[in-house]
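A, B, C and D label the chains in the order they appear, each numbered from 1.
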Amino acid sequence: MIVTPDGALGASLLPAFWVAALALFVLAAAVACVPRVSALSPTLSTAGSVCALALGCGLLLSGVSLTASGSHVLGLATISVRYDGLSAVFLAAFGLSAAAASLSVVGERPRSRPEGAAFPLFLASIVLVLGANAAFSFLLAWESMTLLSAFLVVGLRPTRAVVSAGNVYLAMTHVATAAILVAFALLAASSGGALDFVAWHAAAPGLAPVTRDVILVLVSAGFLTKAGAMPFHVWLPRAHPAAPSHVSAVMSGVMIKTGIYGLIRVIVDIMGGGPDGLGLLILGVGAVSAVMGVLYALMQHDMKRLLAFHSIENIGIILIGLGTALLLQARGATDLAALALAAAMFHSVNHAAFKSLLFLGAGAVVHATGLHDLNHLGGLGRKMPATMLVFGVGAAAISGLPPLNGFASEWLTFQGLFGAAGSGAVEPLARFGAAAAVGALALTTALAVACFVKATGVTFLGLPRSAAAAAASETTPPARFAMGFLAAVCVVLGLAAGPVASALLTVARSTMHAGAATATATVPAVTSTPGSGQAATYAALTVGLLVAAAIAVVAAASRRRTTARRVDTWTCGIAPKPAFQYTATSYAKPIQLFFRRILVPEREVHVEYVPGTRFPSSIRYRSEITLLLEERVLKPAHGLSLQAADFARKLQAGAIQLYIAYIVLAVLALLLWAR
Amino acid sequence: MNDWVVGVLLLAPIIGGLIAWPLHGRLVEFVAIAAFCVAASAGLGLATAVPGAGRVTAFHGGVSIDALGAYVLGLTVIVAALALWASPRYIRHELAAGDLRPGDEGHYYALFLWFVATLIAVPLVDNLGLLWVAIEATTVVSALLVGINRSPDAIEAAWKYLILGTIGVGFALFATLLAYASSVHVLGESSDALNWTRLMSIAPHLNPNLLRLSFIFALAGYGTKVGLVPFHTWLPDAHSQAPSPVSALLSGVSLIAALYALIRFHLVAMAGLGSSFSSTLLVVFGLLSMAVALPFMIRQEDLKRLLAYSSVEHMGLLAMGIGFGGPLALLGVALHIGLHAITKATLFLSAGELAQQYGSRRLSAIRGTFRAAPVAGGALGGGLLMLGGLPPSGMFVTEFAIVVGGITRGYWWAAALAALLLACCFVALAVHGSRIVWGHAGPVEAARGIDGAMALRLAAPLLVVAALGLWTPGPLAAALDSIRAILGATGV
Amino acid sequence: MTFTAVDAARLLDACSTSIVLIGVLIAGTRSIGRAIWLVAAQAILLSAAVAGVGLATGSNHLLLGSLVTLSSRGIVVPLALGHILRGSPVRQERNPYLGPRLSLIAAIAIVFVAFMAVDSAALGGSLGPVSAPRALPASVAEVLTGLLIAMTRRKGLSIVVGLLVFENGLALTAFSLTYGMPFLVELGATFDLLMVVAVVGVYTRRMLTVCGSLSTDQLRNLRG
Amino acid sequence: MSAIEPTTTVFLAVLQLAAFVLFAPFLTATIRRTKALLQSRRGPGLLQPYRDLAKWWGKLPLESNVSGPVARYAPAFVLGAILTAALLVPLATSRTPLVSWGDLLVVVGLFAAARFALALAAMDAGSAFGGMGSSRDVAISALAEPGLVLALAGAAIAAGSSDLGAISAFGIGRGLDLLDPAHLLAAAAFGIVIIAETGHHPVDNPDTHLELTMIHEGMLLEASGRSLATLVFASELKLAVLAAIFSAAFFPFGAATELAPGPIALGLVLGFVKMLVIGQALALLDASVARARILTLPDLLGLASVLALAGLGIQVLLP
C-alpha cells in the first residue's frame, strides 16, 4: 500500500521506482542462485540501483515524500517506510555508489553463489534502512544490513584473519545495535509506547533531560560505531579490505553513511537537536577521526586498507559538519546550522562518489596484478591509462582540490566552522573549539593530498616494482565505464556545487523543522555571519571554467612543434632501476617522522653480510606503526575480560554439596527478602 | 470423548515403552515410532481443538487445557517428534561405537517414550499437586536417560541431576502445600482445592503471606527445573552428557514444562498479590541467569555445554519477559518460548551429529565443519545465528518485543542490561560458531554419509524459525494473542 | 475412651518434636546404616501422627495416608537403602565436610532458629479442630536439617539420607499445615519418592561398578 | 558593495594579471640580488630570471623515457591553478578583480591543486630525487597548511567573511586598531608559512644544486625546456601571490577603496613595495640562517600553527 502526499509533476512515478528497485534487487538475488542465469544478477542489481538513484533524485526535485508499509510480524510492521528529503539525499548517494559497484562486476563471477545472492539483498536492506520510519522496521533492515555485509566480508572460504575481521565487525556492530535498540525503547517508553518516528518527534520536547541525554549518548555510540568514527572504528580497517572491491565500494561509500543518516535522523530530526555539549562532542570526535584517520591511512601500504582508513577520515569531516550544525542548532543559529548540516550531507554524497570510485580503481589494480601492496606496484599508468585517469580524478576529488566535488563540500564545512567561530550566539569556548577544528580540517586536507599523491604516484607512475605489475593489463570495459561514470559525477557535483548545495540547504532546513530561509543563506553566496562583511562565495562553475581556460592557454602555449628527446632518468650517471624509486613506505617516511609521537613507529633493519666481508648481501627493512587504541587499550581490556570470565567459571566447581548450598542460600535469601 | 483422547495420549507412550523395553534392533524403533505417532496425533488433536473451544476439559475438570497448555503440548509433540526422528541414526552410531551396550536401545526408547509421556502430562493436569507429580516424574525418568551410557561423566551428571532435581522440586512441593493451605482456608477440604482454575477464581481471598511464601518456594523449586541461576547448576552437566536427542528434549521442552508450572504459580500470585511481587522476583532472577550464563559461554570448551548455558540465558530472558508483563513483552515471550524450543532442539541434534563425527564434544576439536560436515555444521552455524537473534530469525522479533516491552513497562535498567547481555551472548556464540565452521580442522573422521532425512530434519526447523521472523500466520497470531491474554496482559 | 482433637494435637506435637530430635541425631552420626534406620523411625513416628489426626478428625484418607507413609517411607525405602549399603564397601562417613559434632551443633542451632522464626499463626494459624503449634516449626527445622546433612556429607548414600530427611520434613509440613494433600497427590508423591530411591539404587550400583566407590569426590569432573 | 560593472572587472583582471606576470620574476631577482650582496658577491642582474625563462622557453626539451602524459601536462596544471589564484587576491584595490568568485579557501585550494599536480609529476620519471622532493614537499606543506588557514581564518573571523577582499577592506576600515596582538600573531604565523611554501631558509634552499638537499628543485629535476620554464615561473608567481595575500590580509593599507585611476595606481605601487619588502626579508633570512634539518621542521611549522591558534584564542576568548 503506497501513497504519495501530493501528486506533484512526476511524483506519480516515484512509487514505481521504489517497487522496481526492491523487486530488481530481490530478483537479482534469486537469479544469482540459479547456475545458468546467474551472470544476469549484476545487471539486474545495476538496474535496481539506477531505480533507487532515480527515486532519490525524483524525491529531491519534486519535494514530495513517499510512504509505504508491508507485512506484519507480532503486529509489528516489517516494512514501514517514509522517504523524505533526508532519505532522498542518502538514497541518491546510495544509487550512485551501488549502480557503479554493481555495474563494475557485470560479467565477473562472484566468489561464491551465496555471496552473489547476498549482494543485491544487502543493497535492498540499505534502501529499506534509509526509508524506515518505525523502530522495528528500521532495526530489522539495519540488522539485516549488518548480517549481509558481514557475510559478504567473510565469504564462504575465509582465512583465519578474515574470520577474525568478520567477528570483530559483527561483534561491534551488534553491540552498537543493542545500544540503538535501548535508545529506541526509551523513546517509545516516553511517547506512550508508540514505535514510529513521527510520534517520537511529537513527544521529544517532553523528554526529561536525563532521559534525553541517555538516549543521545546511546544513539551516538551506536551510530558512530556503524559510521566507523574514532574510537569506534576498530572494525572498519579490518572489514573493508577483506571484502571484494565492489562490496567495499558500497560498504565504504554508503553503508557507513547509514550511521551518519541515523545520527541526523534521530538527533536532528526526531530529537530536534541535542544539549549544548553534544555538538562540541561530535565536533571533537570528527576532528580526531579526520586527523588520525588520514595519518593512519598515510602509513598504510595496502591499497584497500589505505582507502579504509580514509573512510574514517571522511567520516570525520562529515562529523565536523554535523557537529557544527548541532552546536549552532542548540544555540538557535538556525541558518548557519542548516548550512553546516548541508555541508555534512554534501560531503556524504561526495564521499559516496569518490570513495566508491577509488575502491573500484583499487579493485581494478588488484584484478590486473593480484597485488594489494603498493610497494610492489608502479608504472601501471602505461598499462591501464583509463584506470589511471579516473583514479587520478578520484584522488584529486578526495584530496579536496577545486573545482571537484570534494572541495565544494569541504568549503561549506569550513564556512560552517567560520560561522560558528564568529557567531555571537555561541559562547567563547565553543567558538575557540570551532576555530581549532578549522586547523584540524586544514591539516586533514593537506595530509590527504600527500596520501593520494603517494597512492596514485606509487601505483601508476614510475617503473613497475614487480613482474606482476609489469604484466598488468587494463580492466574490463564495464568496470572502466562504472569508474568513468563516478569520475564524471565527481566533476559534475563539483561544478554544480551551487544548485546542489542550495537543494541540500532546503533539505537541511526541513530536517531541522526550520522555516524558509530568513537571511541570505543560499549557496553560492553564503554569509558567514549575516549582516557584517561581504558574502564569502565560491562560484564553482566559473572558477572551474577559469582554471580550465588557464590550463588550456598555458598548455597550448608551451606545446612545441619538435618532439622531445628521450633520455634515461637522471640517477647520478648509473642506469636507472625500479629499486631506486621511492616506495610507498619511504614516501610516507617524513610524515611518519614528523608525527612519531602519535604514530609510535617501530623500525627493524636486518642486514646479512657476504661471509667474511663487510659487504651487505641483503638488507631487509620493516617499519610498523602502533595503533595506540588497539595496542594500549583494547587488547589489554580483552585479556582482562577473558580472565574475569575464567574467574567467574569457578562458580561451577563440580561439587554437588556446593550446588545444594547455592539452592539453600538462595532460598534463605528469598525468605529474608520477603519478610 | 476427550477422556478417551487424553487417555490414549498418556497411555500410548507408556504402553509403547513397556513393549519396547525388552526389544532389540529395528523392531524397537518401529514400536517406539508407532506408539509416538498415536500419542502425537492425539496430542495435536487436543491442541488444535483448544483455539476453537477456548478450553478443553476432561475427567471432570481434572484435565483442563487452555491456550497456554495447548501451546506447550504442541511444542512437546513437535520437539519430541524431531528428537525421535533423529534417534535411530544417533543410537545406531552409539551402539556401533560401543558407547551403548546391545540391548540398551530397548531401554533407551522405552525411557524416551515415558519421558515424553511425563512431559505431555504436565500441560494437561489442572491440579497443581498433580502438576508437581508430573514434573518430578520427568526428573526421575530423564535422569535414567541422562546416564544411559555408563561413562563416569554421564553417571555423575545423572546423579547430580537426580539429587538437585529432587531437592529443588521438593521446594516446589512445599510451594504447592502452601498454596493448598491457603486455598483450604477459603474452600475447605475439597478435592479441587488445588485446581489452578479454582485458585485463580478465589485468588484475591487467599492469605497473602502464604501466597508470598508459596511463590518464593515455587520460584526456587520449579526455578531449579527451569534452570534459573543459582538453581541451574545441574543443567549444563545433564544437558551435555545426555544423548543428543534427549538433550534436545531436555533443553527444548522440559525447561518449558517447568516454566509452565512456574507461570501457573506466577499467575496465582499476581491475581492474589498484585503484579509487583512475583514480577520483580522473575525479573531479578532472569537477569541474574543471563548475567551468569555469559562468562560460561565466553570461555567454554564443550559444545553441548555452550548450548546448555545458552538455554540458561534464554530461560532467564523468558523469566524477565514474563516479569515485565505488558502486551508487547508477553507476546514476545509467547513466541520466544516456541522458537527457542525448536531452535535449541535443532542445535542439539546437529551438535550430536558433529560430536559423533569428530568423536569429541570439545570445541577445540570440532573445527572446519564447512568442509568436513557441511550439513550439520551449516545447521549449527545457522542455528547459532538464529539463536543470537539476527534477522530473519524470529528471535530478533521476540527479543525486540521483550526489551522494548520491558522498557515501556518501566523496567529500564533491567531491560537495558538484558539487551546488552543478549548482544554479548550472541558475540560469544558467534565467535565459537565461526571457529567451528571455518576453524582449522584437525584430523577429521571421514565425513559421515549425509542422508537427506537428516538434512531435512536439521534445515526445516530453522527455515520455520526464519519464516516466523518475517511473518506471523493468522492462526498462530490468534493463538499467541490468547496466550498473552492468559499470561496476564489483559487490560494493559 | 475416645481419641479427641486435643489428644491428636498433643500426639502431633510430640511426634514432630521427636522427629526433629531424630533428625538431629542423624546429623550427628557417622554410620550410614544407623542413619538409615533413624530415618525409618522418623517415618514411623510420622505415620503414627497422621493416624492420630485421622482418628481425631475421622477422615479415612488420612488413615490410608498413614498406611502409605508407613509402608513406603517406613519400610520399603529403608530396606532398599540398606540393600544398597550392603553392596558398598564403605559403611562409614569417613571425613565429611562438617564433622559429626559440629554438624550436631549446627543442627541444634537450626532447630532453635526454626522454632524462633516460624510461627504458624503468621501462616493463618492452624485450621480445623486440631491445633499443634510446634508441628510447623518442627517441619521447617526438619527440612533444613535434611539439607544440612546433604550439604556436609561426602558419601553419595549420606546425601540420599539427607534427601530423605528433607522429604520427611516436607511430609510433616503437609500434615501439620493441611492434614495432607488430596489423596491422589499423596499417592503420586509417594510413588515419585519410591522411583527416586529406585533410580538412586541403579546409579549407586553403576557408580560402584564404574568408579569403585560411592564417594562423591569422584563426581567432580564436570566443571565450568 | 557597489554593483560591479563588467568593464571594470575585465580591466582590473587584466591589470592584475599583467602586474603579477611581469613583476613575479623581478621579485625573485631582487631576492637573489640582495642575498648575493649580503654574501658579498655581485650576483646576477635584475633581469636574469627573465633571461632564464626565455632561454628555457627556447630550448629543445629532454624527457625521461619513463615519464608520460602526467609529466608533460602537469606544468600547465600548476601554472593554470596559480594564475587563477592570482586573480582571486586583492592587489591594487581592496577588492579582488573577480568579486564573489572565490574566497581565501579557494586560493588555498588552488595552491593545493598545484602542489598535487607538481608532486605527482615529480614521480613520473621514476627518479629517486623526484620521489624524495615530492615526498618532502607534501610533508612540509601538510605541516604548513594549518598555520596558513588558521592565520587567514583569524582575519576572516574578525572581518566576518572569508572573502579576501572583504578582509582587506575591513582591515583598512579599522586603521591602526588592526595591529592588535591577535592580528600580529596571525601575521607572524603567515610569515613562517610563506617561508615554507616558497622554499626559503631554513626550510629549503632555493638555489641548491646538490640533489640530496633538494626539495622543490628536486621535483623539477627531470623537467626541461618549456616545462621547466613554466614550473619555475609558477613558483615565482606563487611567491608573489602569497606576498600579496599577506599584505592584503595583514597590512592592507594603501590599497584603493574606490575605483579611480589615482588610487588604483597608488595601490599598485604600494602593493609592489610591500612585496619587495617581504622579498628582502626572505633574502635576509636566506643569508643569515642556515638550513635546518628536516627533522626539526615540525617545531618551526608547528610554531606557525600555535601562533595562529593563539591569535585566534586571544581574538575569541578575550575580545
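Keep this in mind: a contact is a pair of C-beta atoms (placed from the backbone, for glycine too) under 8 Å apart; a residue touches a chain by one contact, two chains touch by 3 or more.
No experiment lies behind these values; they were computed from the predicted model shown.
Following the contact convention of this document, no chain is adjacent to both chain A and chain D.
Contact tally for A-B versus B-C: the pair with more C-beta pairs in contact is A-B.
Taking the mean of each chain's C-alpha atoms, the chain whose centre lies closest to the overall C-alpha mean is A.
Chain centres here are Cα averages; for chain B and chain D they lie 78 Å apart.
In this assembly, the C-alpha centroid of chain A lies 45 Å from the C-alpha centroid of chain B. Inter-chain spacing, taken between the CA centroids of chain C and chain D, is 100 Å.
Chain B and chain C have Cα centroids lying 31 Å from one another.
Residue positions of chain C touching 2 or more other chains, listed in rising order: 147, 150, 159, 219-222, 224. With touch defined as above, residues shared between interfaces to two or more other chains in chain A number as follows: 649, 652, 656, 660. Those residues of chain D in touch with two or more other chains do not exist in this structure.
Residues of chain A that touch chain C in their complex: 649, 652-657, 660-661, 664. Those residues of chain B lying in contact with chain C across their complex are 127, 129-130, 132-133, 136-137, 140, 143-144, 147, 150-153, 155-160, 162-163, 166-167, 170, 173-174, 176-178, 180-182, 184-185, 189, 191, 193-194, 207, 209-210, 213, 236-237, 240-241, 296, 299-301, 305. Those residues of chain C lying in contact with chain B across their complex are 59, 122-124, 127, 143, 147, 150, 156, 159-160, 163, 166-167, 170, 173-174, 177-179, 181-182, 184-185, 188-189, 191-192, 195-196, 199-200, 202-203, 206-207, 209-211, 218-222, 224. Of all residues in chain A, those touching chain B in their complex are 71-76, 78, 135-136, 139-140, 143-144, 146-147, 154, 156-158, 160, 163, 166-167, 170-171, 174-175, 177-178, 181-182, 184-186, 188-189, 193, 195, 641-642, 644-646, 648-649, 651-652, 656, 658-660, 662-663, 665-667, 670-671, 674. For chain D in complex with chain A, the touching residues are 1, 60-70, 73, 75-77, 79-81, 83-84, 87, 98, 100-103, 105-106, 108-110, 112-113, 115-116, 119-120, 123-129, 131-132, 134-136, 138-146, 148-150, 153, 156-157, 159-163, 165-166, 169-170, 211, 221-222, 225-227, 229-230, 294-295, 297-298, 305, 308-309, 312-313, 316-317, 319.
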